Amino acid sequence: MGGILVIAEHRKGDLLDVTWEILNKAAVVSESTGQRVTAVLAGFNVRAMAEKLAGRAHKVVVVDNPELANYNYEVYRDVLTGIIKNLRPVLILIGHTTTGMDLAPALAAHLNIPLATACIDFSIEDGKLTAIRQMYNGKVNARVCFSSSDCYMVTLRPGSFSVETENAWGGEIQSISLEVEKPSGIKFIRSVEAALGEVDITQADILVSVGQGIGDKKNLQLVEELAALLGGTLSCSRPVVDKKWLPKERQVGSSGKTVKPKVYLAIGISGSFQHLMGLKGGTIIAINKDPRAPIFRVADYGIVGDLFQVVPVLKEKIKSLK
Amino acid sequence: MVDTRTELIDRYDLTKCFQCAKCTAGCPVSLKSVLNIRRLMREVLLSPDLQGTFHKSEIWDCTTCQTCTLRCPRGLKPHELVINLRSLLVEEGEIPKTAIDALEGVYKHGNPWGRARSKRSEWSTGLNIKNLTEGDTAPLLFFNCCTTAYDPRVQEIGKALVTVLRTAGVDFGCLGNKESCCGSEVRRMGETGLFEMLSEDNLKLFQNSGVNEIVTVSPHCYNTFKNEYPEHSFGIKHYSQLVNSLINEGRLKFSRELNRKITYHDPCYLGKQNKVFDEPRNVINAIPGVTFIEFDRSRERSLCCEGGGGRMFIEASASGQRLAEIRARDAVEMGVDIIATSCPFCLLNLEDAVKTTGNEGKLVVRDILELVVDAL
Amino acid sequence: MPCDTALVIGGGIAGMQAALDIANAGFKVVLVEKSPSIGGRMLQFSEVFPTLDCPQCIGTPKMLEVGSHPNIQLIAYSEVESVTGTCGNFTVKIRQKSRFVDPSRCSACGECSKVCPVQVPDERNLGLSRRKAIYIPFAQAVPNIATIDPDYCLHLKGLKEGKDLCRLCQKGIPQKNLPGCEAKAIDFNIQNKIIEINVGVIIVAVGYDLFDARLKPEYGYGVYPGVITGMELERIDESGGPTLGKIVVNGKSPRNVVFIQCVGSRDKSVGVEYCSRVCCMYTAKQALYVKSKLPEAKVTVCYIDVRAFGKGYEQFYERVQEAGVIYRRGMVSEVYKEGDSLVVRAEDTLSGEIYEERADLVVLATGLRPSGDTVELARLLNIPVGADGFFLESHPKLGPVETAVDGIYLAGCCQGPKDIADTVIQAGAAASMACIKLAVTGKGTESA
Amino acid sequence: MDIIVFVKRVPDTSEADINISPDGLHIIEKDLVFDINESDKYAVEEAVQIKEKLGGSVTAITLGTDSSEDVLRRCLATGVDQAIRLTDEAFRDSDACGTARVLAAAVKDLKYDLILTGVQANDDLQSQVGPVLAEYLGLLHVTVVNKLEIDGKIARVHRELEGGVEDVLEVRLPAVLTIQTGINEPRYVSIMGIRKASRLEIKVRNAADLSLSPDGVGQKASQVKIEKLFIPVSNKATEILTGSLDEMTQKLAGIIKEKGGIS
């Protein structure tokens, strides 16, 4: 008994990056503690993913059942309860995704396991588990410890660890057939995806944002191509909307939308205060010809130069990095 | 709603309106907005459905420039009716999202930008300004204004005023992080309760600071302190008045020439509403080398920049040419190098307009204080 | 001792009518006029509504009659200095200003003006033309005597500094064959004099002033030459006026004329709450004559309400509209410039349209204000002034010409704005009240 | 429809500089501005909108000291009918489970068809209390709800997932739903409104009122404890890239990639 249990998460037949990230961290901890890593894969028709997981865990436990085709916490909670009671791991790791947020607290409460959510790291030293979690909009980190228990649970924020690994463990795959009860009161109806053409810049991780400096609507193509290259979304400052070069839904700023991307590439945006008010967090990169443009006061990185010179070259550099 | 309507009719003397339309005709947004201030006066008087009357997005188009009120031959106050209708929306909670952000920003942090109160005085780091809330004393209080405190462009104006006051040997202090929004825009967005709160808080600060006189950067602060705060005995001055008298008293002398063609944009809150027309012009004309050219539409006929009435925080329902753009184009046509003004909102809107009209490089927008500092 | 002479203050149409009525009843009248000639405002008009008569044609005979009536003593270029006594026995001091011209010698030949080198804005033409420092106000002036304007005359100004300057009017310019005053009427030594008279009754007929359009800065009066007042248009329209009757602004015939009503009337923002009563009709008249002189021009009248209350007025208003003048309900709020032309911004409240009308001539229908002499005169006569600033009648209905002081009566616009017809009626009424009083006090009985 | 909505008073830390108290376990609250937790605000608005549509009542409950009453007054001004504040020295420093236990005890005797709260509290960022509470009450839960329709005894909800995907679910009521920001447009609550609401009563309940044993809650019962708070190191000095156009763009492309900007 014992070991580290990693709950694998997948969508549309693909394992999420966060699962690989957690497995990587688990492998490191496994090395220092000797705890074996078991991945749990629950779903329907997930065999192919199990194969992949096997390379990264000592063991893969697979529950393949039509009732698990769509995530339903009632069902997942009960299935995982069974597995956990059976395997009695010392540590359960789950991604702090919307699913993890939904499942982990219920599971932990159900099993009375101490749970720390939204962690970015954890360690086991001298048999003692401590975790680092974010608080206060990520401005403060907390090191947390746990009261003594046979088992602990930690949810880890996506992006906390690297996805890449050199491990190739070739763990065993164990299929478990369980009696899976139908959910009692939650019915999955369907999944919907945001309609095409509907842009929500508030949800974008990468924003290529363009300002007055673009000069004309016809020049937008240049930045649209850059955004496409980066897999990002095009946004803009107010003057661009005022000139009807881009629709209002693309506007960042106090009268537009508040965004919190990972990367914000401000091109030809002087960085009026009103614009910056809509910008919360993320790495800000500015390209502007005016070295005194206020955008440079808030940017993490900047290039002082004419966007029409910089952007085409930048596009080539990015292509070469892909 | 009948009672509210009766109240409005009494409060704004709506029965006296003879529908001459001087208000609509002078309204800077009437050509591009559905907002028809004359009709609004009538609708409130007659409409059985008051809800339908004020639940209109154009109610937020008004810039509260007050032209309607100042020119009303019947002495009525149409712009105050608009503010009151907004306050009904505020009570219902149904106001534009950006207005909510601004008002909550003021409530929580003391400024409409929602910036941290603890950073209010950051703009003056290193300037060693006396803090009148922390034991320093001075006869004059320099009221910063939220825009000066937080907007990087306008911060330069605050710094310029510090330079000017020091050059003239004026002893002054600030309220540091304890200063709160003057409430002018808050009141105009219809948040009467919050305005009262702010005016009480600020007046208490003024009283405890031991000053006799207050100088403001923004005409909006100036106007509300002077005309809207509960009765007080502080002398309220806009900086243009103070700087003008410093020049007249010989305490401020220029050593450099400014060989530029300059026009001046009258802020509504300073000019139209408070008749401070001459002092800013005197200051500009006192600068050696300046060639001063008037806008055709100046003084009482000055064009509003559309920055008042909470419009810095609310997107207008009306599209169409921005008035500040008309200003920028006129200035280019006049062949001036600089549009000078004396209000942070005007400055920001005009600067924006210079860009959006593609006139960057042809002319710049400067605050009078910046011109003064350049010529010291 | 009761006196059977009446004093009429003011020689406009009200004062002239009252003086003639009293004189024709057989009583003596002293008529005091402030300016060099009687005639008043009416004689400045080009045409009068609704009949479109020429005011000179109907006014000049009255002036001549006043000037020659055996019962009327005309003291022009004079002002009342003090008044004491009571009804039936007022003592009035009148200060007669020096014209520096001997009336008994002056033949009104005009040679003096020809040689005078000083150009002065002509008040009769509201500064639209110039007169000389020595001048006769207009050809039909009564009395027809030259007057030297001491504010401008080089010699009189020089005297103050002990210098003997100019005197061309006396000397002439022989080399140009301009003789100057050959009648030797010019006498720089003539002094102002005080005339003391005894009168039984007084009629106040000092008229009105026009609202100063500069107080409404939004209209750009004084800034744009294309923005003028109604009175200025009267002068421009008059065949004897500065443009000889051609409607010309900035040297061009306007193609688009906008009239703005109620400038300085019904307007609390300038402290004038009352309606000036005449502007609707004088504007209608002006719009009509502009339209008839410039048939191609677009003529628009912006108004709040059209008040066409008098006999034949409504019909006149209709006639003006028939002639093609466009009436748009809604006040103009602003006049500004766009390129070379003026822009008038207004709302048509009947259509709800907010419009910017390009215009090359904007005419402001300035309202009527109490005469600037009202306050001082009220003090001298000890009679009350109403809240509107005009002399207060003793009862708004039953005492429309009487004042609070027995024996002092009001005639014309000094009591409140009114048109010519009403002015003449009131003048007649005031004369009649004066005659009654003189008749009664003349018999030595106490007041009627 | 009777609805209970849980709210929390949290500091606004979006811009403020945060300092840690000498004990290393708390942040220094002086100079911080407190307000209702963002997603709780949406939960309150949602509750009030449902009540306005379907009738019933809304009860807002918070756990906190008397300074939390501001938040409840704001709820009352929004249209909440009843406000309850749970407070006891014993509740101090409860972990998520402890908090959920207190809340569970508080609703035990109340009538309700639906319990709402925000997705997460912006101070501790745990997003645990909703689902844990549901477990304790034996109710179902749905987290990250960004659309909600009540249909009799069923709630039809959208659950927001990553990448613009949403699951549409039907859940039997009563249930605990955690509400995501953006589900509605919270109305503005005016100062006048708050002043009026300040005349309304806020009920206060302590551990004894809730028949809670102090052992089950508070710091002592916490399974997860903060050992130490610290400020993560960050360097926010703007780095202006230099060199030739080629060099600058090369560097920049590398930075973009490093920051996760190339996908």
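Letters are used for the chains, namely A, B, C and D, taken in the order the chains are written, and counting of residues starts over at 1 for each.
In the analysis below, contacts are C-beta pairs under 8 Å (C-beta built on N, C-alpha and C of every residue); 3 or more make two chains touch, one makes a residue touch a chain.
Quick caveat: nothing in here was measured; it's all calculated off a predicted structure.
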Quiz prompt | Identity of the most central chain, Cα criterion | solution = B
Self-check item: Leader among chain pairs (count of C-beta contacts)
Solution: A-D
Exercise. Give the label of the chain whose average Cα location is farthest from that of chain A.
Key: C
Quiz item: In angstrom, rounded to a whole number, how far apart do the mean CA points of chain A and chain D lie?
Solution: 21
Practice problem: Could you put a whole-Å number on the gap between the CA centroids of chain B and chain D? | Solution: 38
Quiz item: Quick one: chain C and chain D, Cα centre-to-centre, how many Å?
Solution: 80
Quiz prompt | Between chain A and chain B, centroid-to-centroid distance (C-alpha), Å | solution = 45
Exercise. For chain A, jot down the residues that touch at least 2 other chains.
Key: 297
Quiz item: Counting only residues that touch at least 2 other chains, which ones in chain D make the list?
Solution: 14
Quiz item: Where does chain B touch two or more other chains at once, residue-wise?
Solution: 114
Self-check item: Which chain pairs touch, all of them
Solution: A-B, A-D, B-C, B-D
Quiz prompt | Of all residues in chain D, those that touch chain B in their complex | solution = 12, 14-17, 31, 33, 35, 78, 185-195
Quiz item: If you look only at chain C, which of its residues touch chain B in the complex?
Solution: 217-218, 220, 262, 266-269, 304-305, 329-334, 336-337, 345-347, 349, 352, 354, 356
Quiz prompt | Residue ranges of chain B touching chain A (in the complex, touch as defined) | solution = 98, 101-102, 113-114, 150-153, 312-315, 322, 348, 352, 355-356
Exercise. Under the touch definition given earlier, write down the residues of chain B that touch chain D in their complex.
Key: 90-95, 97, 99-100, 103-104, 107-109, 114-119, 191-194, 196-197
Self-check item: List of chain D residues in touch with chain A within their complex
Solution: 11, 13-14, 18, 20, 27, 96-97, 100, 119-120, 122-132, 134-136, 140-144, 156, 158-162, 164-172, 175, 182, 222-232, 236, 238-241, 245-246, 248-250, 252-257, 259-263
